[in-house]
Each structure stands twice: as structure tokens, then as C-alpha cells.
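In what follows, structures are represented as C-alpha cells.
In what comes next, subunit A is part of two complexes: it sits with subunit B in the first one and with subunit C in the second one.
Moving on to the complex of A and B:
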């Protein structure tokens, strides 16, 4: 065995445990979910049996208006919440990089779990007794229905998700900003660059890898987010907050329709993979 | 001869010793096999009521009752999850009455036919109360509670609006039209006062009485496996157009608050008329609101219909200690001490004859607001409607909950019920056997 081969062998041995964990906790569940999506639970002679149905669960979804509505809600939610979260997190990170002593305030939402945050926001945005409508009344604005309106419920959930997620993503961006050598900024200033030019031509390009990481993870997280929908809106009113993940959860855990639940989960996985693939492609054009 | 006698004496002694040892061995063996604890999965409202009975049970049998308690909505999810995991640590669990068929056909419970005699069943519960614990001729889960609903009204808000109180007599019960007219006079958004609300505002349990009163039936076909045409008949459309109008047209009822928030709102004097469960009475008395009760309203061109049934107890199908579980189940469901305590301390309407007799005999139950229990006893015998009997009840109820919430938030009743119909049909298709 050459020295090079021995080094490769050692490297493979070192990555073996993590590969094993990935297979057990990531790849096996995905394969298992796909397998389950090919079955349906049916009563056969008064006993619940698992029947092989091929791709029928996927075909059934194709013909279901609720599935298409949920798909649209999921895409709409993510098209708004991901750029909003990352954009605001980036702005905050840039500001906090300048004013370091107020960071704690922005970190506060991190200390509250999402279910608790959902309950608090449900109370704040209660159409009858919520603080939000109390404040709106004070400034002469008509009270809003928030979660009880099909037009406002998704936006209300977006506010909660953004409030909760902002600080988390900001931490990565702040860390990235602090890794940019100060000499880059000094050189730019010598060349006469103003603050805006520093941000556009130095900070953002050098944060590219961090932004890609945040974008990919944030997208993955938000595509499967359903706690606020589960706790506050139950996917309503009229399916306006019924994201695919919540539909899958209900199919499985409430209606015991595991085949349908797994089919939705697989479709969701494919969508996330495609979008993450596009994100990688878009951010790999230039390397710094 | 002497030898023979001695031998006979010896033989008798040996037989006596064997008999004594045998008699001793039976309880010893039983004791050795007897479990030291059993696990009971229940709703989170029950432990304060049942704790003292669990302790009494432990003193008498040596079996400790361990409790896993959950909020209503989580309880149903947990039962599904723990059954799917074939959890062997659970022995007994709370069964919502309409879920008996679903749990029975899916193998969640052990059949109890051999554990109760027909005489015991007939002597303990009225047919209307225990009947829902049966499926396919087999007893699966006897009742521990029953329920009914009455019309609560805030006397102070009635006086302010210059309204006469509704009658307590069942023959003179208010129509829904009278309720709406009174609610319109009471509602005052600027003061946060609402005219009317249901208690379990989006649950089939409470709202089934509307289509039943309007002649629409339970919403499920006789075979329990179809809703096509049953959820969109004239009675259902009429009932849920009325429900929709309470929020959208007359604006007398609040959107947003759910079954947890609404009773405290009545207790705080924020709602004029409230159709709710009897279990609220102790809380309203404690809250100090000036209120009284009247019978459940109905549609003038229909018939009176009231919600009924409550929690039952089933033996977990994966239990490793089914005998001990049955022992506790018999104690909790058949001993009137339990139901009378639950009635007296927590206002829960009972399911057994002994406690119903107690209500009719105790003079306190002839006065407001406790007369609600006598009204309920009448309703249980004359106007109570049992929930739809279908193995797909869990799916049926969940889908309807979303539908009712949508209608409450302004969605078109007919279109919403049509969507619900197609969703429930898919869920029921799995149960065609």
C-alpha cells in the first residue's frame, strides 16, 4: 500500500461514522418514506392491512384541489418568508456589526420556543382582545381580523416566522462579517468608497458562502415549518395557511392515511431538493 | 384394625395439610402475579377528580394507578401515536364516546363482553348512555360521564337590554330566532359585549344539535360509511347558514376565541347568551356572574335536539395487565361514589342510574342554576342525539372542525360543506369492508 493509499484509507475510516449516521438518520427514513408512499391502509376482512398501490397515492394527490391549494400556499409562504428573513437578517447583521452593544435585544426571540411564540402571538393578534388591535384602535385604525381572515392569516404567520427566525440567521451573518479582514475596508476607503459601496462591493460578495448556507438551511427549515399553523390556524381559514407539511402531518397522524402523508412528504422533499439545487447553482457562479 | 385406623388418620392429616397449603397457595400465587401498577391515559381535567379514587383503589388492591394526562386535542393524537407504536406500557385509556367504533375496528381496545353481565349493565346505566360504548353487538368501553347542554343567560345584561328571561320549562324552550333577537339587543362591540356564543364553538359534539333540529340528521349515512348527500342536505345547509349568519350577518358572536376562551368570557360577563355544557356551572358560580339556565334552543319548524354522551373508558389492546385494568375500569364506571363526587365537586353530568336518581331527589337540584341537571336528565331521555356512528369518526370530526371554523370566519356554508363531504368520503373509503 502506498503512502497515498494509506492516507485515503485513514480518511475513509474517519468519515465512516458520520456516513453511517447519515445513512441511518437521513437516507433510510427517506427511502422508508418513499416505500410507505406506495402503500395504503385498508380494511380487509375487518383488519387494517397495508396494501401495495404503486403510485396511486401520487395520482390521487394530482386530482385533489386541496393538495394544489396547499402546494400554492407552501410556495407562496416560502417565496415571501425566505427573502424577507434573510434580507432583514442581513440588514440587522450589518447594523449590529457597527453597533455591537444592542445585540441582546435582537437575540431575545431565540430564547422562546416556536410553540410558545405561536401562543404568545395568537394572544397578541387576537381579533377581539389582542394587544395589536388595541394599539391600532389607539391610533385610529380599524381592528384587523388577522388569523380569522383568509387574506391576512398567512401574512400573520409570516410575521411570526420572521420574528422568530431573524435572530438565528443573523448570528451566522454577523459571524461572517467579522471574518472579513478589516484591511479590505481600509483599502476601499483609501480608494474613496462610501459605506454603501463597502457593503455592496465588499461585505456581500465576501459573505457569499455564508449567505448560501443561510439560504439553503432557511429554505429547508421553512418548507417544513408548520408549528404556527398547527397551533394557531389549523391550516385555515379556508386552507389559506394549509402548507404541505401540515397537510402531511394531518394525513398521517390524524387520519392515519400514511400512504398519502408519505407521498406528500416525498413531493415536498423533491421540491426542496430542486430549489436548493437552484440556489447552489446561482451562488456558484463566482468564487471568492 | 388399629393400624388401619392410624393410616386413615394419617391420610386425613395429609389431606388436610394439602388442602390448607392449596388454599394458601391460590392467593399467594395470585399475589405473586398481581401487577404493582397500571398506566391510565386520561384527559388533563380528570386527575384532580380521580386522584382520591386512585388512592382508594391502591389501598384496596395494592395496585398503583399511574397517570399520563393530556389536553383534549393532544389526547386523541397521543392515543393514535401510542397505538401505532404498539405501546405496551398503557393499560387503560379515556375513549371519547363517538370514537368507540373507530377504536374497536382498528383494534385499539379489548372487548369487555365477559367482564360485565347483562344484569350489571342494565342495572347501572340507561341504554342511551351505555349504548354508544357498544359496536357490532360487543361492549368495548362503558361510560364514566355523560353530558348535556343548556342555555345560560347573563341576568344583568338581560336587564340592561330590557329583555324577559327565557323560561326554565322544556315545553317553553326558546327558538333560535328568539335567541338571535335577544342577542342583537345585547351585543355592544364598544364594550366588548357579545350577544351569543356556543361553548365548544367549532366541534361537531356541540353543533350537531343544529342540523338535527333542522331535520338534517347526523351527517352520516346509516351504514356509517358515507356522507354523500348527508352533509349537504337542506337541514345541514339551513343549520350552518344560521351559524354563518351569527358571525357574518348579525355579528352577535365573536370570531377567534375557541372552546377554552369562551366559557371564561361568559364568566366575566362578556356574553349575554351562551349554549354550553353543565360542567361550566361550578366555574360560573365561582366567577360570580349573575346567571341562570334554560333549556337548549331549537328551530321553530324543527324538533328540539341536544348534544349527549361524554367520556368512556377502554382497556388498551396492548396492555400486559388487562385483569387489573378491568378491575379499575369496573370500579371507576360502576361505583356511584365516583360519579356523584364528579357531579358534586366538578359539575359533571353522570351516566349511571344511581347518580341520576340522586339529582332527582336532592332538593338543591330544584333551584337555579343547579336545575340545569334536572333539565339535562330530561334531555338525556327525550331530546339527546348521539353522535354519528362511524369507524371514520376521527376523520369526520376533524374535517368538520376545520369546516365549521371556516364558516365561522365567513366562508360560504354550502361550498364549505361540499368540500368537507368530498374529504370525508375519501377518509371513509378506507373503511369499506
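Moving on to the complex of A and C:
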């Protein structure tokens, strides 16, 4: 065996496990989902019974107000939560770039999972006994309904997602800020730039790629956000928090309508893949 | 000059105000949960509106909520989660670091293609493929089992990227001289690269551990039964079945969050460096 053959053999043997795992547990399910969304699916124990129905699962979705409402809620949620989170994370990163200890305190929610954050915030935002209303009362604001109102429920979910996610995105942005050579700032200072001009003309342009990166990753994560809806709102009130991921879950696990669940999962997946595509483009320009 | 100084004071004041507001938003839940978890429920309810110093004073305190959650099967969930997380960490470190080694140090046909495949799977969130994956798991008979929880979480794109990044920093000359001395590729990987990569192992262990410790949707789908129930699913059951027992939910949250919190602050340096390094230079 030549040296080159030995190297090829070693390389393939070494990546064999991970490629096998990815193909079986990530690629195959996705590929099969495209195929199986064309069937009516029903579990009889372990065995799945399939009846070919063509595009009917998708046609049914097309005619359902609940589906359109869920799609709209998902889009609306993402249009608000992603710019909000990244914007706040950027502000925090700029404010705390040089304050490591304060930053550490902000990182506390990193250790709290989303389900736990949901449970905690459900209680904090409880309309009758929660401390959020206690705090509002203290400063003279009338108590708010939060999750029990169709107008506020989605915003309350946004609060949870932001509380939990802020520090994570801040880490990336701070790392980016610290990679900016200090000579850039020194040059600007010699030219008489003030703090605001430094931020607008140096920090943000040089962070552009990282901002784009975190924005797109954040978006793909938030498109499949599930725990707050499952734990707190169950999609309500009046479907105001009924995101596609929750609708897909409910379709399969509550109503056993797996064909419909697969069809929704496909739609969600296509949206996520488009986002990932954009992300990948952004990635490639970064010289792999 | 005077104007400049007052402007600076204003800037500093608004800086502190912004920080303070953010800190209250971030910390208040922690403080309240921590002090309320050992209190009887009627006491918690009594002091919530309006807020006062009594809201944040843990008297009277009792162990009862902490004992109660363990009587409701929380201990089993803790053991399950720890087992699942540690097994995934151990196997995951080997599998992902092998791939990272290959992508960093070996040239071979189809390398770019396979690397793109790994990155793509890391960019698509796990939850997005959960429903089709569930159908697969149920058909192969893994429903409600440890393998359903462990095996799909082993391959982790971000960990591969992190290892690749780390290995790129180890000089290739070291590897080549070992090769000339007749060492096999496995020896080079196992005896030279792995022992040199402690920071990468710590970062990988944290990422994988967190992934399993915090995962919710997948265990809820694939292993909801009491025997295999993990901590995030167990705490959700507590919250939906005993919604009014706030102190027990708080106690459960304190227990479940304390382990990642301790880890993240003990190993913050490695975590932050590994995560951000992967993204920026990846």
C-alpha cells in the first residue's frame, strides 16, 4: 500500500462513523419526508400504513385558515424577534466590550434551558400573582394579561426567547469586537472621531459579517421554536402563538395525522433550508 | 471643556442606566426563583403583588418542595439525563474529533463535498428534522429507549468545526515526522493529537452536554415514557400537572439549571473561546 492509499484509507475510516450517522439520522429522514408527505400515514404500533394521496396533504393545508394563520404567526414572530435579539445583543456587546465581569452576569440565562425559562416566565408573567404585575403595580401601571391575551401572548414569548438568547449572540459579537485591531480606533481618534462615529463607522462595518451570521443562525433557530408554545400557550389564545412547529407537532402527536404533520414539516424545512442557503453563501465569502 | 465634561457624565449615566435595566431583567427571575423555591406556596402568593422586600426574603424556608419533586420521579429523570448526556459526550468526542482531524489534516477525494455535508447538517436545526426522524425511530423500534435519545445526537457539526479549527493550529510537521517514523494514522490521532487538545475536549464536552441536557422537543417525541424521561420533559410534566405548585416548579428549575450553570462558569473561558472561534474563523 502506498503512502497515498494509506492516507485515503485512514481518512475514509475516520469519517465513516460521522457520515453514517448524518446520512441515517439527518439526511434520510429529510429525504423520506419529501416522499412520505405524499401519503396518508397511520401507525399501527411499529408498522406504518401508507395510502398514496398525491399532493392532497398540501392541498388540504392550502384550504385551511389555521395553516395560513400559523404561517403568518411564524413569520411575524421571526420578523420581530430576530432583529430585536441581535439588535439588543449588539448594543450589549458594545456596552460591555470592556466589562468582563458584568458580561458574566448577563451570561446567567445561558445555563437555563428554554423549557425551564418558559416555566419560570409563565409564573413571572402570571396575570394574577406574577411578580411582573407586582412590579408594574409598584410603579403605578395597571396589571397586564400577558399570555392570556391574544394581543400580548406572542410578545410574551418574544420576551422569553430574548431573555434566554441574548447572551449567546452577545458572545459572538463581543469576540468579533475584540478581533478589530485597536489601530483602527486609534486612527479614527486621531482624525477626531467621537464615540458614536467610532461605533457607526468602524465597529458596525467591521462586524457586518458576524452580524449577518448570527442573524441568520438566530432566524433558523427561532423558526423551529417550540417549548414556550407547548408549555405555556398551547398555540393560543385564539391561535395567536400557533407557530408552524407547534402545529406540526400537534397534527402528529395529538391528532395522529402524520401525513399532515409531514407536509407542515416539509414546508418548515424548505423555509429553514432557504435561510440556511443564505447563511451558507455568507459563510463561503468568509474564506473556508 | 465644561460642556464636554457634562456630556461625558450624561453618557456615563445613561451607560449605567442601560446596564442596570438589563441586569434587572436578567437577574430578577433568578433571585425570585431561588428565594421562593424553599417557601410554602401560600407565602409566595401572598407577597407577589405589589413587590416588597418580603418577596425576596426566603422565610419561612422548608425542604418540602425539594423532597416532593423527588417523590414525583425527578430523581429518575436526573439519572436518565446524566446517563444520556455523559454517554453522548464520550462517544461524541471520539466520533467528532476523528472527523475534525481528517478535515484539518488529510487530503483525500471528495473532501470538500463531505465537509459541506457536515456544515449543512450543522446549519439545519435539529428540531426542523424532528418529525421525520421520529417516524424513522418508531419504525426501527427505538421508540422509548436510550438509543433514541443518544444516537441521533452523536454527530454534531459545530463540534467537528471546532475540532478542525483546533487541529489546524497543530503543526503538520509533527505529524509528518511521526509518519516517517512509521506511526499509523490512528496512532498519530490517538497519541499525538488527542492528548494535545484538552481545551478542545472541554469545549466539545460542554457543547454536547448542553445539547443533551437542554434538549426537549426530541425526548418529548421519542422517549416520553416514565422510564426514559429526561429532565426537561419531567419538569414540563410537573408544570402542566401541578401548575399551581409554584415552589416545586421552582425547586425543579433550580436543580435542573444548577448543573449547566456551574459548568458554564467553571469553564467559561473554553466555552466562549471555542464557540466564537468556530464561528469567526470557521
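General remarks:
Methods note: the second predicted complex is superposed on the first by the 238 of 288 C-alpha atoms of A that agree within 3 Å, B and C clash if a C-alpha of one lies under 4 Å from a C-alpha of the other, contacts with A are read in each partner's own complex, and residues count from 1 in each chain.
As a working rule, a residue touches a chain if its C-beta (ideal position, glycine included) is under 8 Å from a C-beta of that chain, and two chains touch if they have at least 3 such contacts.
All values reported here derive from a predicted model rather than from experimental measurement.
In the overlay built on the shared chain, the residue A:210 is in contact with subunit C alone; subunit B does not reach it.
Look at A:254: by the touch rule set out above, it reaches subunit B but stays clear of subunit C.
In the superposition on chain A, contact of A:30 is made with subunit C only, not with subunit B.
Judged by the touch definition given at the top, the superposed model places A:48 against both subunit B and subunit C. By the touch criterion stated above, A:108 is placed in contact with subunit C alone, subunit B being left untouched. For subunit A, the partner that touches more of its residues is C, with subunit B and subunit C as the two candidates.
When both complexes are overlaid on chain A, the residue A:98 reaches neither subunit B nor subunit C. Residue contacts after overlaying the shared chain place A:190 against neither subunit B nor subunit C. Look at A:235: by the touch rule set out above, it reaches subunit B but stays clear of subunit C.
In the superposed model, A:120 makes contact with subunit C only, not with subunit B.
The residues of subunit A shared by its contacts with subunit B and with subunit C are 41, 43, 46-48, 129, 253. Of all the residues in subunit B, the ones that touch subunit A in their complex are 77, 80-81, 84, 105-107, 192, 254-257, 394-395, 398, 401-402, 405-406, 408-411, 416, 419, 423, 426-427, 430-433. Of all residues in subunit A, only 3, 6-8, 10-12, 14-15, 17-19, 21-22, 25-30, 32-33, 36, 41, 43, 46-48, 91-92, 95-96, 102, 104-116, 119-124, 129-131, 133-135, 137-138, 143, 163, 166, 171-172, 174-176, 179, 195, 210, 213-214, 217, 220-221, 223-224, 226-227, 230-231, 245, 248-249, 252-253, 258, 261-262, 265, 268-269, 272-273, 276, 279-280, 283, 286, 288 touch subunit C in the complex they form. Within the complex formed with subunit A, the subunit C residues making contact are 11, 15, 18-19, 22-23, 25-30, 32-33, 45, 48-51, 55, 95-96, 98-99, 101-103, 106-109, 111, 114, 117-121, 123-125, 127-129, 131-136, 138-139, 141, 143, 151-152, 154-155, 160, 179, 184-186, 189, 213-214, 216-217, 220-221, 232, 235-236, 239-240, 246, 249-250, 253, 256-257, 260-261, 263-265, 268, 272, 275-277, 279-280, 282. Listed in rising order, the residues of subunit A touching subunit B in the complex are 40-48, 60, 66, 126-129, 145, 147-150, 234-238, 250, 253-257.
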